[in-house]
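The following pair of complexes shares a single chain, chain A, combined with chain B in the former and chain C in the latter.
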Partner chain A sequence: MAVETTQILSSILYGLIEGSLYGLLGVGLSLALGVMKIINLAHGPLAVLGAYLFFSFIAYLGILPVASALLSLVVVSVIGLVIYLCLIDRIVTVESSTLIVTYGLEIVIGNLLLSMFTGATRTVDLELGSLNIGGIFIGLNRLLALVVAFTSIIVLDFVSKKTYLGKAMRATAEDIEAAELMGVNTRKIYALSYLLCAFLAALFGLCFITTHSVDPLTGSLLNIKAFTITVLSGGNLGLALAAGLLLGFSEIILTTFVIPTAYQHIIAFAILLIVLTTMYRRKRE
Partner chain B sequence: MKEIFPNKKALTKVQVAVIVIVIVVAAIGGLVYYFSQPSGVTEKTEILLGHVAHLTGFYAYEGTIAAHGTMLAVDDINAEGGVYVEEYGKKLPLRLIVEDDASDPEKTKIATEKLCTVDNVDFLIAPGGSTWNLAAVPISEKYHKLCIGWGGSAEELWTSGFKYYFGFTTVNDLYSATYYAGIIGFLAHYEEWLPEGAPPPLTVALIGMNNAYGRCAVDKMEELVNEFGVQTVVMKEYFDPKTTDFTPLITKIQTTKPDAVIVVGYATQNTNFFRQVIEMKVKEVKIWCPSCWFPQYFLTLGYDGLEYFFDQQYWINYLSDEARDICQRAQEKWDYDHSLGYFAWGYDGVYVLAQAIEKAGSLDTEKVRTALLTETFHSITYGDITFQENGVPLVENFEAKVPIRQVVDHKQVVVWPPEYKEADPIYPPPWDEKYGS
Partner chain C sequence: MKTVKVPLRDLEFVTSCVILIVTMLVPVFKNTWVIYVMIFFMLYSIMGHSWNIFSGLTRIVSFGHGAFFGLGAYATFIVVRDLSQPFPFSFILSMMLAAAICGATSFLVSYPFLGLRGLSFAICSLAFTEFLAIIFTNTQIIERGREVAFISPQVDLITGYYLVFIILLLVTAVYWKVENSKIGLALKAIGENEDAANSLGVNVFSTIRNAYVISAICMGLAGALFPYIMLSANVEMLFGVNRSLIPLIICIFGGTGSVLGPFLGSIVWQILAEYFRASFGYLHWVILGSCVIAIHLIEPSGLAGMLKKFIKRIS
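Up next, the complex of A and B:
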């Protein structure tokens, strides 16, 4: 079986798109871990919620895709803020409690979506057609998702380095007491960070539903991928994109040329196991 | 060591009192309920049927249509007064309890357990595909409930020693030997339809879901390809049923360049798969065949995208007047086309079970089982049907009718077999013209 250059390039291109999407997914979870030190298991379900809202605004209310996207982002961000203020704010300092609460949220959001939208898988077809790049046909929806993912990560990087909010977030992440002494309202920073996480999750959800399909319980699978990226990046935003790309490329390249396609979802687990085992050994040494 | 719950406090006296009161009230309630239940044998007023259905989830399109089959059969039988049960000396109406499992095998187990213990149904109609049957049947066996399967076809269902499981669809017998023989036969007889000078389809890729059904179906298709001896299987690949990104698999197909690709998936996966095939404009393959039960759903992809795709449709449209009448009534009731195998099997599940109860003259599981093993039943799908000791159905004089259709000029036309043919197949499809060279 001769592998042609176009097929290798096609895999690289698809790997880049998938990886950038994973990067966008991982950045949100890394932000929660980096700033608030919480493993936010509600991240995947919030992404799915964003996807379903986007789908519903278009399919049921007939709203234009761009307006639907903006509405979904706003709604999920507000929901994220409400979740933070009502639930997480009270327990944010107790790591095990935040894990349990966000796990509960994962179940609640998934099942609420299931009862509202049934378990049928949904997709949003933007009907943008395909682009021929040197013999490789690629959907414009995917290219759009690639641009959105990269742009968001670049903007987030800029915000975290150049704005007061970003600097305050980084300061809070590094030493919360010192940040407070310097006049940073850390409670507000936590709330804004969680809102930003929800926004990023929703943004990923929008990109995901236009390039893949989503069912109400997809959130769990997304959490595994996001968690893998977060572990790889150690909660560092810049590294999250690199980790996402690594996961995306691994999935696409390995399942295209090396292993059976049926094992696609095992790759994230395998990477996670290798990284955790290596980290644990290094720590022990 | 860091405490997990740093703010924990001892329970107050009030809290302890509340807990004790709750426990005592619950215990008294339980005892009252237990002793209020009538003891001994009571007069039966209805026959309870339990059906775990996939009303939601990725298998919902198939599951819902089959559930409609069971519902319509119950309505039809009840319209006649119910099922005559000799030991009660009267006709008993059927009552169907449907539980949705959201196409999740774990929920299938819970729902089956509930039907067997809480609802205490007399009989079960199994859920749809093999994966869910394999989740439900060990539970129905545990409670000695007779279970009729309409959609499970994996061999494991027939070789695992299940005593109370009977089905209509087996991969090696009725189902694949007929359904998949349609497309494989079409490929093998290419000399009968191949345009002059066109390159023959000699290589096949078989793609299936990585579950009990997908693996069995792909194996069976490979067997059929080898039996015909015309084509060679150059690729066998499976995908996780939860896969949403098929681009690696499609790229792999592009690399292998088979002449024909047959995909075994449920409606949702097939639609996703072919959406991405259309997006990637794969020109290497001459025959794409989604073995899809729901062409109507599949066609949501749009005729333009699906032009020149082949699909195979199970036989119901070509069945008896009786079957057509039932499909017509279902269409009127639920307002969409029900002329598919799954609907008929769902209907037959209840229909054959009702006959077995009448022949047994009892609702006793063992007696109904004996009737199923010794008597002949009428089904709308296959005509007369009997069952072997392991629950495998046996059918005589059944002629499979699996037309192969192609979407051409915004229309689905039958291109095979010759007796139903409406047009010649377009082969090879003019992909270059469609997608640009």
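Up next, the complex of A and C:
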């Protein structure tokens, strides 16, 4: 019986960690969807790009992990800003065009990484050791990822509620014309939101590569998971964390006790299909 | 304006016929490489046309037509490998089975899916394809995991070429028929403004459902041809993201909602893909992805749209 209790406890703990990471992933996509009304299919690939930059700074350039983390965050944010200014700025109001262009970006980023790093999976081992909590061994890298994910979501919530930038973003999301009339530079807000999205994607990428193994084409899977969280939370930043936790718990608990591990990703697809087809139907008169 | 529009449509028709006739005559040269390239040109045109029937006309972008490609290929595997039927009969049977499977599946999923629009539909169709891919990867239906399933060769290269050609003719005719009929007009109206179409008496749901089913059947035929040409396939080749991607890219290159679009798109695609694959390896996808973005930003209606504008300007 004791074995089962630890198993349940550890799956809860792992579900918490996975869930908070998914929450961090979903928050970035929700932000783009909420503020700019675009579905940013470059989100997952940007996360993978951040992860690979982190990996290559440490492995090939020998930079300290903290410095390489900061460096890759900056680089991905700048890439995000460039992507917005060069491509998305001119088509931001056309839904099908943003889909196609960000899908093109997904192909470009994924295959660029594939040609540079091959298809082998990579991971970054921070060598932090592990902690024993009541008989459950848990890597400190996972706990670090948990802390980073929770802190960044809380900080983001604070920023969106208390600062000028956050208020301007929410005003733009609610009604772009009214926001412009109130003196908000909406173009700048859009660019900053996209930059923030890229930053969050990269932050997720860093947490992800320290706890999982990543290959260059993971991006499309991450996109679908991020979208699952977004549709579950309805684009609400606070609820994104809850939705992420729901997905994380259901993945871990179902794969531990009910279904084979090979079907892990099918849970997100199933949730997505069910939620979309029942709650997002076009209203008919 | 009317005097311009009619000749343009005729021009599209004539150009498509010329492309088809040239395609028919290619095996005369007896160059194996050219024949292979042309087979894939035809296969991609079929995929482009079938995507165009639904997404090109209604402008509801589907990222998941690969699901029907995979299901169609699965029909051929059943007929040739599991039932081991001899050639002329097996071909007809596998086409019919592919059409039946894809028609039934698309009919069933149309009820939950076609209530969605825009990015919800796009992601939903993508998730459906991935869903099927996981199921097929983890069961014995084709072959377990990433293992490759084989069928014994049934036709020689030239016969295979003309089999693909017949299906291409069929699918092109279906597209042409759909576009220039009442349902095509209704689909275009839905693409322009759904509420307006609805208030003018178009039954929106049943119209797009019919288009979706026709489009899925055509995609299934393309999938059913695939094992006859390649003789082997695995889940990644059938349900992989490339299968959903290629029709979309081809229609963006060539032009959506036009019979000429998939032909032009496949020609450009084959030239670019063959050239860049030889010289750049994996980077060829990067270049092709950039081309997709560039063409979409320059001219959203693709090469066919550019051609139309050019002809309008000189006439």
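One rule holds for everything that comes next: the second predicted complex is superposed on the first by the 276 of 285 C-alpha atoms of A that agree within 3 Å, B and C clash if a C-alpha of one lies under 4 Å from a C-alpha of the other, contacts with A are read in each partner's own complex, and residues count from 1 in each chain.
Convention: contacts are C-beta pairs under 8 Å (C-beta built on N, C-alpha and C of every residue); 3 or more make two chains touch, one makes a residue touch a chain.
The shown structure was predicted, so the numbers you read here are calculated from the model rather than taken from an experiment.
Once the two complexes are overlaid through chain A, chain B and chain C clash, as defined at the top of the document.
In the superposed pair of complexes, A:A262 makes contact with chain B and with chain C alike.
After overlaying the two complexes on the shared chain, residue contacts for A:E251 are found with chain B alone; chain C is out of touch. In the superposition on chain A, contact is made by A:L114 with both chain B and chain C. In the superposition on chain A, contact of A:S10 is made with chain B only, not with chain C.
Judged by the touch definition given at the top, the superposed model places A:S96 against both chain B and chain C. After overlaying the two complexes on the shared chain, residue contacts for A:D215 are found with chain B alone; chain C is out of touch. Using the contact criterion defined above for the overlaid structures, shared-chain residue A:L273 touches chain C, although it does not reach chain B. Comparing the two interfaces of chain A, the one with chain B and the one with chain C have residues 96, 114, 221, 260, 262, 265 in common.
The touching residues of chain C, counted against chain A in their complex, run 59, 61, 63, 112-113, 115-120, 122-124, 126-128, 130-131, 134-135, 137-138, 198, 241, 245, 248, 252, 280-283, 285-286, 288-290, 292-293, 296-297, 300.
Of all residues in chain A, only 39, 87, 90-91, 95-97, 99-101, 103-108, 110-112, 114-115, 220-221, 224, 227, 231, 260, 262-263, 265-266, 269-270, 272-273, 276-278, 280-282, 285 touch chain C in the complex they form. Interface of chain B with chain A (complex): residues 4, 6, 55-58, 60, 102-104, 210, 237-240, 242-245, 247-249, 251-252, 254-256, 268, 272, 275, 279-281, 435-436.
Partner chain B is touched in their complex by these residues of chain A: 1-4, 7, 10-11, 14, 18, 94, 96, 114, 118-121, 123, 125, 130, 132, 137-139, 141-142, 211-215, 217-218, 221, 251-252, 255-257, 260-262, 264-265.
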